[in-house]
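Heads up, the next two complexes both have chain A, just with different partners, chain B and then chain C.
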Partner chain A sequence: MHKQRSIPRATTSIIFLVLMFLGVGLINPAFLDINNILLSLNSGVVFTIVAIGIAFVIITGEIDVSVGATVGMTAAICGNFVRDGHPFLGLSIAVLVGVGIGVINGFGVAYMKIPSIIMTLGTNGIIRGMIYVYTGGRWIENLPMEFKSLSQAQFMGTFTWFYLLTLIAMILIYVVMNRTMIGRYFRAVGDNANGATLLGIPVKGTKMVAFMLSGLFASIGGIMYTSRVGFITPIAGMGYEMKVIAACVLGGISLSGGVGSVIGASVGAAIMASISRILVFLGFPSDYDNTITGILLIIIVVFDSVIQHRSAEKMRKQRLAAKVVHSETASEVREHA
Partner chain B sequence: MLNSKSITKRVFRWETFLILLLLIEVLVFGLINPRFLMPRVLLGSINNFMTISVVALFVTLVLVTGGIDIQSGAIVGLTSITIGVLWNDVGMNLYLALVIGLLVGTACGALSGFFVAYTEVQPMVVTLGGSFLYSGIALLITNFSATEAYKGISGFPEEFSQFVRGRIFGIIPHQLLIFLFLVIITYILLHRTKYGRYVFLCGVNKHAATYCGIRTKQIVMSTYVLSGLGAAIAGILLTAYLGTAKTDLGKEITLPVITAVVLGGTSNLGGTGGVIGTALAAFVIGILRFGLSLANVNTQYLDIPVGILLVLAVAIRFSGSNPTVQKFIGKLRRSKDLRKNN
Partner chain C sequence: MKEVHSDSLLSVRSITKAFSANKVLKGIDLDLNRGDVLALIGGNGAGKSTLMKIIMGIYQQDEGDIFMSGELINMSKPSIALAHGIYLVPQEPMLFPNMNVLENIVMGFKENPKTLQKRLKDLMKQLEWVIDLNRKAESLSIAEQQLVEILRGLLRNSNILILDEPTSSLTFNEVKSLFKIVEDLKQKGIGIIYITHRLTEVFTIANRVAIMSDGLITLSGPVENFDYDMLVRGLLPDEVTMAEHSTENKSKPVDYANAKPVFEVKNLCGNGFHDISLSVYAGEILGLAGVVGAGRTELATSIFGQDELLSGSVSIDGVDITGLNTRDVMDKGLSYVPEDRFLHGIFGISDVATNTTSSKLRNMSKFFIQYKQEQEITAQYVKLFRTKVTGHDQLMSSLSGGNQQKVVIARALATEPKVLILDEPTRGIDAGARGDVYAIIQELKSKGIAILLISSDFEEIVELSDRALSMFSGKINREFSKNEITQDNLMAAAFGVTKGRVVNA
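Let's look at the complex of A and B:
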């Protein structure tokens, strides 16, 4: 039952993405060029990787609004070390910091019982301030060319290595989450935390791991950001948290937990990232970006909710009807007796 | 016995803790920088956190019903730019433009409120969509203006700005009085009317409220309408105070607003809270930021203490329901009782 409900949601998002691309292709055939599609997918690679991470947290029924600041912080750390000529040290420290932020969030939410939106709101402010302390409010520039060109390194045409890595991560996680026992813990905890406890699932530990993964992927996103953008300002990654949550919702992940998959998250991120490019091909100014995103988000979510509500009502009526028939036959039997 | 219990209950309320925190802040910052204690400076500090305080007051109602509203920042910007464009480029009377600005903000709140109340979508998702949508519309409206978007529309009449910037006797800022007025209005609305009780009931148990014959959907929607109205008021006040209408005026207020509401004792799960707590918490945060900046702390670092304050305060509040802490308290009590018996 559960599986049946969760898979079509990601599928609807994929169908929507394909229809959107085809629709734009009808108006401007140049859009359907394979290189162009790959370019527009690739422009959202940072979103996609951060969305995959936050998907764990949302699927367990929590939320993490500190990912934007985590992207900024890890980008600043990575950029600083790379500029000074210690790339590997920089990468490992950035990843450690990302996971560390996840541990703090997870500890607060799972063990201290602080509501996740408040805990991560707090850490978001703290990390954002720390970025200013760390960078002194200055930009990090003059990164070596080799590091910047990593983001441009291509594999078969315009398919970048970064996007390939993201895809591999996505597929691996999808398999782990759907085919292994531990992977299913996330959805179980998000669907019904008390029920999961009764089944012997470590609810606190699962939430902790979800936040750690969110921090880990945010730090990878930060590293990719450094390589792609090439300079870090103190406001790097600001507002990413909201965009990434929107991507997850577009991809069919429910904010109340238990429903959705990482594939949905990546598809949602792809939809978000392609909107601005689509606007260019349709001849609109990019000012429409936020408006379209907002309208899409509301329409898709409301549509989805109405359909779900309808089917739930239908099932309820069927159950009621079955009950009535059952009691009618029962009374007939009694009359005969 | 009963009397003493009710007194201790009243003394140990969350609001008392906030007032204490506020007093400590004033004392500490006064010691660091005596200029801070000058009435003109201390009272004038409200000008720095007026927007957040006003929006937080109205968002409290939304959180009491168990919802959340993260679109108010977008509505602040939308109201501001609507007024600017109507006055500057359409050539409308300023006061008519203000009324239309209020209506626009309220309509935005109503649209999101409708989706929250009448569909099963989570409030966070709807208002997230709303924040994209309204900030996007605000950006589109700037295209009607001859002025560049980043500059903002300025040159409003002097009396419009003076109404907000002015001070009574040169000491008490008008903004403080406006804020107190709004606190009283929202206090009466939430704590002294039937409507307010319905709002609380929706947060405690929506199904029970529906079965009691309360129109829960309308009540839930109305809180978002009020929150939109509050954001519009904040947008007007900020436009008047700065003398500029811009789209991004409310860009970074979402997180501080939620911080103020939650620090004020309103649970994000609904059912508990109040506007007095929110107002006090807004002052605690505002004075903390203002005092630290007077003590020569870089303004960009100020998110750190505010974040720490939020997490600590909520950790203390929620530790009451933490089983480990409860067990510890129970153990303490039992050992005390044992000692008494011995």
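Let's look at the complex of A and C:
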């Protein structure tokens, strides 16, 4: 048997990100300016934090398409309270609502056995509707300057505190997921749920926690969104689910579960955020943004499923072949007997 | 109820379990002592897996108790069984394919990773096993995966190991090394429940035997009290153990003198079967007996164009059909009734007519489907098979199992095949419907269709077949002429015992 070491998929994504920057830099050297690169990353901070959250869900083999609506809802709540002068109350309620949505999703998927795409599509619709009810369809504006400037607070040139916080969260979660037993549960559940059950791993509980984390990070994303954008429309966060799912997949997280890391998700989110900027630098209208995201998503998913199918097929054949090989040796034994 | 000794590792008492109306376990008593290797044998559907899942806490028993060292335990979930030192090595290893070996082994432990790794290295040294801990599980061979499973169990300091057909996908040398390990563990006082379909292994490795049949333990005791014949007889249902020829085959004998085989398979190799040769004559039923996993279904689905063939040939009336796709195979005159009705057989939310004609849609639609023709064909088969339906528009999923199977057979016949492969045609259907299906099969035979009947229900093969073959580990190991087809003979061959001599050492 040969020794097999594969490069982590996140590494491939980082190389892709670097090549993409270099490629665009060849056409328009202004893109490679350090400030521009940092701006690109900064502009992706909300994607990154939401992608980190949804990564938990995808790694356990499920999906959460309600994150965009959760971002919108929590942004509206946060914006409303901040405008009325209760910032801490607003942040707390936003986070509670985010986690609450995760609990509902997790309960439906893990305990009621509703397919996650259906469950979260449903909650997505419900939350979107409730945003209109909550805001009366009006924009939330006139947020205090101090709150808006939080997102602009920088250190080391144009590196924002928000981005630093996101990076710290990413590294902490990476360590928890890979260096602790509990963290590994997520990958185990996504990799082989039946096998996990046999080892006494709480499969349902793990999925529940994954959805709660997804909701939690979506709500943090919503708070960051409020500060960055400065006003909330009823369609805030619309379409974020596709972007962050694409980000995870780009970053090497398999949609069939069990494979990937939050670092991959973050790199993927950086790629997603950069694409919008790249379009500007290449002179394309930004209308193509969503189309390109969609195309990238499909290409990678197809690639991923072909690989998955091949390895499953290889395993099956090997398994069946082993049974026959056995009988060959067995019949030799009979002849000698 | 038998008394529970406090020195026995595991005692189960009067365990019963039913899935809806189907009683799978009917009062099981079983004891496992330290250093025991208890061979548990039994046919498909005898209830072995259900019993093991109850012991593991995956299922809960309806009645009965589980004791460990004399203490009553409520096995309500797998973590309780694990905490009490029970570990199940499933037949198909349940590893995490995307994790490496080390991660796979230590998954689910709560102790410090460093001490855990040290314990693992010590354990491997002690067992003299070499396996690269950094390899990804999906790159491991089945034998290596099984070793990883056993390591998992041992690292948990399990004192009870359940091995579910551990050798079914191992090569000869791997089996030898597994037996050495089992012997080692036995010396250490670990109790092992060893489920197998290979009777020879019982005498090589076990010190006690329990035979399960139809939800009961029919025979058990020290291995010295048993021989092959007793094991084979213990596997048979009660009535048959008395008289060898209990079920009579009433069908007309086939006249082989003037007959030419319709369906011929020569030296066929594929995934899961090797060097299969057989021929079926017009108006003949050829039984193919074998336990699940012997490669019977793989053979049938590969011929039917669902999987690749590696070498050899298949022909109908001399016309080569090797490697054609399913549609072309059907056009050449072969139909297949699949083993798992729910998975491959029925379109549950469609009606009876749609199901019946689904196999020949292409031939009866110009652009729109010919509604009248659809109804005629359906009516013909509903009448012929006495299928109980409220109308042709009744939903398939609302029929009983037996009636569903009739529709599936009708569908296979709607293409007017010359050759019909039936895979477990009466699994999961009641006795009345079973009689009907048998009558249908006999009628097809009298119409001159060549029938290959695949079954692990040997009574069925005895009742229907004109000739029979037995399949064991992907190969045909014996042919039976009509008067040789008995349940004893089939059972022995399907479990790898041929003419008193043993296929597997």
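Annotations
FYI, the second predicted complex is superposed on the first by the 283 of 337 C-alpha atoms of A that agree within 3 Å, B and C clash if a C-alpha of one lies under 4 Å from a C-alpha of the other, contacts with A are read in each partner's own complex, and residues count from 1 in each chain.
The criterion applied here is as follows: a residue touches a chain if its C-beta (ideal position, glycine included) is under 8 Å from a C-beta of that chain, and two chains touch if they have at least 3 such contacts.
Remember, predicted model here, so these are calculated numbers, not experimental data.
Judged by the touch definition given at the top, the superposed model places A:L121 against chain B, while chain C stays out of reach. Shared-chain residue A:R187: touches chain C; no touch with chain B. When the two complexes are overlaid on their common chain A, residue A:R138 makes contact with neither chain B nor chain C. With both structures placed on the common chain, the touch criterion links A:V301 to chain B but leaves chain C unconnected. Contacts of A:G200 after superposition on the shared chain: chain C is touched, whereas chain B is not.
Of the two partner chains, chain C is the only one that A:M315 touches; chain B does not reach it.
Of the two partner chains placed around the shared chain by superposition, neither chain B nor chain C is touched by A:H86. Shared interface residues of chain A, touching chain B in one complex and chain C in the other, are 254. Across the interface of their complex, chain A is touched by residues 68, 70, 115, 119-122, 124-126, 128-137, 139-140, 143, 255, 258-259, 262, 268-269, 298, 300-304, 306-308, 310-311, 314-315, 318-319, 321-322 of chain B.
Within the complex formed with chain C, the residues of chain A that make contact are 1, 3-6, 181, 184, 187-188, 191-192, 194-201, 254, 258-259, 311, 315-331, 333-334, 337. Per the touch definition, chain A reaches chain B in the complex via residues 63, 65, 108, 112-115, 117-119, 121-126, 128-130, 132-133, 137, 234, 242, 245-246, 249, 254-256, 285, 287-295, 297-298, 301-302, 305-306, 308-309.
Residues 56, 58, 77-79, 82-83, 88, 90, 92, 94-99, 103, 106-110, 113, 132, 134-136, 138-144, 152, 167-173, 175, 271-274, 293, 295, 298, 472-475, 496, 498, 501-505 of chain C are the ones that touch chain A when the two sit in their complex.
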